[in-house]
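Shared between the two complexes below is chain A, which pairs with chain B and chain C, respectively.
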Partner chain A sequence: MSNFSVGFRSSGAVQILDLQGELDAHTAAELEAAIQKCQKDNRVHILVNGANLMYISSAGLGVFMAYIEEVRESGGDIKIAALQPKVFNVFDLLGFPMLFDIIETEEGAVAKFSAPTSD
Partner chain B sequence: MSVTKRIMSVRGSLILYGVFVVAAWLASMGYHFQQWSAQEPASTTVYLLYAAVTTAGFTGWWYLIRQIQGFKETSPARKLWTLLIEGGVLMVIAGTVTRFGRISAPGLDLGIGFDLDTGVALTFPTIVKMGIVSLALVTFSFLLLQRLRSLILVKRSRSSERNWKLLLGLMIISSATTLFMQPGAEQNEWQNVALVIVAVLMVVNAFRLSWIVFLNFKEKLATLGLILLLGLFILFSLGTGFEANFGMVPRGLEFLENYFMPLATFAQQTAVFGMIYCLTSFLSLLFHLPTSGDFEQRAGERATMHTLAALVGQVFDADRLFATIAASPVEAGSADASWLVMPDPDTGTLRQHIVAAHNLSPDQIEQFMDCSELVDILSEDTDGFLIREAAADHRLNVHTGDRLGSLFVVPLVARDERIGALFATKSVVNGFERDDIETISIFAAQASVAIDNARLFEQQVEKERLSRELSIAREVQRKLLPQQAPTLRGTSMAASSVPAQEVGGDYYDFVQLGDERYGVIIADVSGKGTSAAFYMAEMQGIFQSVSRLASSPSEFLHHANLALAQSLDRNVFISAIYGILDLKKETFTIARAGHCPAAAVRLGGESRLIRTPGLGLGLDRGDLFRKSLVEEHIDLAPGDVFVLYTDGVVESRDSSGEEYGYDRLLEIVDEYRHDDAEGIHAAILRDLRRFLSAEDYDDDMTLVVLKWHGLPLEILTGSEDVLTEST
Partner chain C sequence: MASSTHTLTIPSSTRFLEDVREFVSTHAATAGFDEMEVEKLKMAVDEACTNVIEHAYAGQSEQPVDIAIILNRDKLVIRIRDKGQTFNQQAYREPDLIKYAKTRKSGGFGVHIMRKLMDEVSYKTTGGYNECCMVKYRQ
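So, the complex of A and B:
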């Protein structure tokens, strides 16, 4: 039924979450569970790869807002990478680029984790 | 129909019968008087006439008794008891009458007062005595026969009915053969053959004893005594060769023989049959006494099953249902104590606890065992399990001497889901027989259905309640939105909002800020449904109170963001566009907080999206939000069209998954830009509907269209009173 899934990958200290499908009010819980799992494993350098994310609703965006503060407080970050243009537009309309690192490529994002943060 | 009513309705015919019976009896007495006064027997013709009248009279009497008795549905013991009372009264009357004015001489048998040769009565009182005694004896034998009939025909079948009718018929025929016999005469060979056949049929009928099965132990014991009494009573009242010397009515039968020979034969045969039936009943009752416990258990099972089946239909008091289920194995006689365990739906844990117990308190049970642990063992085993010797089982904390010898646990399963378990115990070791286990398993299955039904019903009620609540919420939310767009000179406006569910998170509103300044807002709470609707209501409150105090769109949004920060959940945000229309300066100032860009189309056809920077409300609770906002000032030119909308509009997808999109929106606005706001609004909705080809929206959809037509000349020349507005 659910046309959304989260895949787990690692790149060094960075925990990569591969989102696939459509992230909306019904599927938001899956991403929440994924991020909670990362927190529990104490892997707080979270990189969300949106290459296969076809759609995101406001409820989906809410998930990022819900956890970003906690993750940053524990010394990590949630960065978002490789978004489809249409999905990026949704992030952009709300001003998410002001709040999150949204990077075009996964490699760039991984590199940004290791680089000293400027903000 | 009630018994009384039925009696009332047949009362007329009963009276008729009664009159006929009395008349026939008086006529028969008249015949005997005539013989007495003539002191010689009547002719054969007269005798035959007499026989016909008497037979008809007593046949009527038979039906009369049957009619009166037929309405009473009573227990066998009660039937026997009333029969004894009635018989007793009749015999006392008859006995008193025969002892009165008896002719006697020492050492000489003078008979009972009839001429030994002619059979004609010697005295007038003899005739009266004969009439009364005969009536009493015949009445008793009729009562006896009819009571026996009602017992014999319990659980009747075609053959039992046939056998009964055959017996009755043969008794009548064999009685009729004695029509010309003298009292005291021997029967001939043919009559003896007939008697043998009658006797065989009596024995056949005497084994119709089904009624005994339905009696419990006590009833059997009582009936046993009554049957014995009845047998003796028959012997002492109608027992041929016995009553003459020891009977309650000495030589009563002789009176009857003198009265009408066939009736005497019939009464005698009835007495014989009555005694045979009493004998078989007595023996059968005696032999059934030890097994009556088993029969009672069967009856208990049936009754309990019936109770449970009835519960499946009605239920809906959970506690009563649980108590009935818990009690069922005990009530059916299959267990000494029983209880029902289920997970607690309130706490949501899967741990089983006792919801109802019978014959053991939950505290006692918990001392003996951990029910939840036992239920866990069940998981693989849907048939339940049996512990034959509780004291020897390590899972139970039972010692010899505790009244818990064996235990049977069966799961309750409804629609492949285990919803609980039924426990049953017997105080003895190895107490459960095969049929006990089967019975309890059937109860468990029945109970599962009942509980499942109750739950479904509860869910349905809850669903209906929620749906009522939601429709109220929808009505309330509809009232939070403007009922109609204001009409302003030089401007036309149109707006609509459709929630995807009963309630939604979309909001739009208009406000008059002061002289010729009007605010228009559109907002979209993230998420859908009830939670979004609450924030939408809060947004409405903030807008109505703060907008008039804010001098610019960005100032309002900043205050709104501060106000919302208190209450918004961290994962909830609100996107909004707020614009201020200044009719005097002919400007439209707009600020966007993360919302879909407003579409703007000018008279010449230049179209664009107004996408000023700005964070969504609630995304940042500090200064970043304020800093992110950028206002745009637009000098209005006649023909300017602005369309504010929520993402539900542009993100609407058709069956192939394609989005409606910004371009399509701009195109349709451009196409209809010469219409007023109402026309453009309708055109967009029409286009959307055509695109979606369904009335089913995924998301809340809100659309606000605003068109600047330009101020008419008279306003420019200063007649300001023409400017009106209404909200």
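So, the complex of A and C:
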């Protein structure tokens, strides 16, 4: 039995993925399948809500790494929101804030998707 | 405090990583490590076991992975042994996050994480098995 699940929700054009449980080398395939489903459905504004994500290992982080460029190339993004502090520390440890938009709240992340980008 | 040792053997399948994390959490917390330190220990051991399962045993799911936690007065030592392929430390390079994303690479952070989280990480191969030894000193 897997202790990890992904829930799907929408907020306008934003596809929200609710992660729940522990994301490791065993469960990473479920996140991968979820992101692939988003791509297949042409839902590339992906917001990962980590409020109920209790643990992540490098295998889970690797899934985000593997898809971020592809999703951005198709005009979207993967933004990560509402991480628990202990999980955020792991993202931070590897320098993920340099590469990913990590936002404190889901509302803030949804707003960033609709805001014009300034580079 | 006298030294004490706790052991766990799992088959080489990622299905059992959850059990490994539980085993580490329980003993590290009982030994007095705080929540943040327990998280670090749990993750370092998860990464080490994942490497054994995916690389040393390369998909064979019934091989033994032996984990031992040795508690001393000033430190916690974790020893992970396998009989699979030896990890080539010489060939190892620290990962570059930006480069990884550009090449859509998803793996290769395990050792980097272990080194960041633990005070010491070492490997040796002796007597027909590989051993990864990680040390965390009490603060």
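By our rule, the second predicted complex is superposed on the first by the 118 of 119 C-alpha atoms of A that agree within 3 Å, B and C clash if a C-alpha of one lies under 4 Å from a C-alpha of the other, contacts with A are read in each partner's own complex, and residues count from 1 in each chain.
Simple rule for what comes next: contacts are C-beta pairs under 8 Å (C-beta built on N, C-alpha and C of every residue); 3 or more make two chains touch, one makes a residue touch a chain.
Treat the numbers as computed from the prediction; the structure is a model and nothing was measured.
Once chain A of one complex is fitted onto chain A of the other, the partner contacts of A:His26 are limited to chain C, with no touch recorded for chain B.
Shared-chain residue A:Asn42: touches no atom of chain B or chain C. Within the superposed three-chain model, A:Ser10 lies out of touch with both chain B and chain C [touch as defined at top].
Of the two partner chains placed by the overlay, neither chain B nor chain C lies in contact with A:Ser114. Taking chain A as the reference chain, the count of touched residues is higher for C when chain B and chain C are set side by side. 25, 57-59, 61-63, 65-66, 69, 86, 90, 93-96, 98-99 are the residues of chain A that lie in the contact sets of both chain B and chain C, per the superposition on chain A. Looking at the complex, you find that chain C touches chain A at residues 13-15, 17-18, 21, 35-36, 39, 42-43, 46-47, 50, 53-54, 97-98, 100-102, 104-110, 112-113, 116-117. Residues of chain B touching chain A in their complex: 524-529, 569-573, 575, 594-597, 611, 613-616, 619-620, 624, 628, 647, 659, 699.
Chain A makes touch with chain C in their complex at residues 3, 22, 24-26, 55, 57-59, 61-63, 65-70, 86, 89-90, 93-96, 98-99.
Across the complex, chain B is touched by residues 25, 57-59, 61-63, 65-66, 69, 86, 90, 93-96, 98-99 of chain A.
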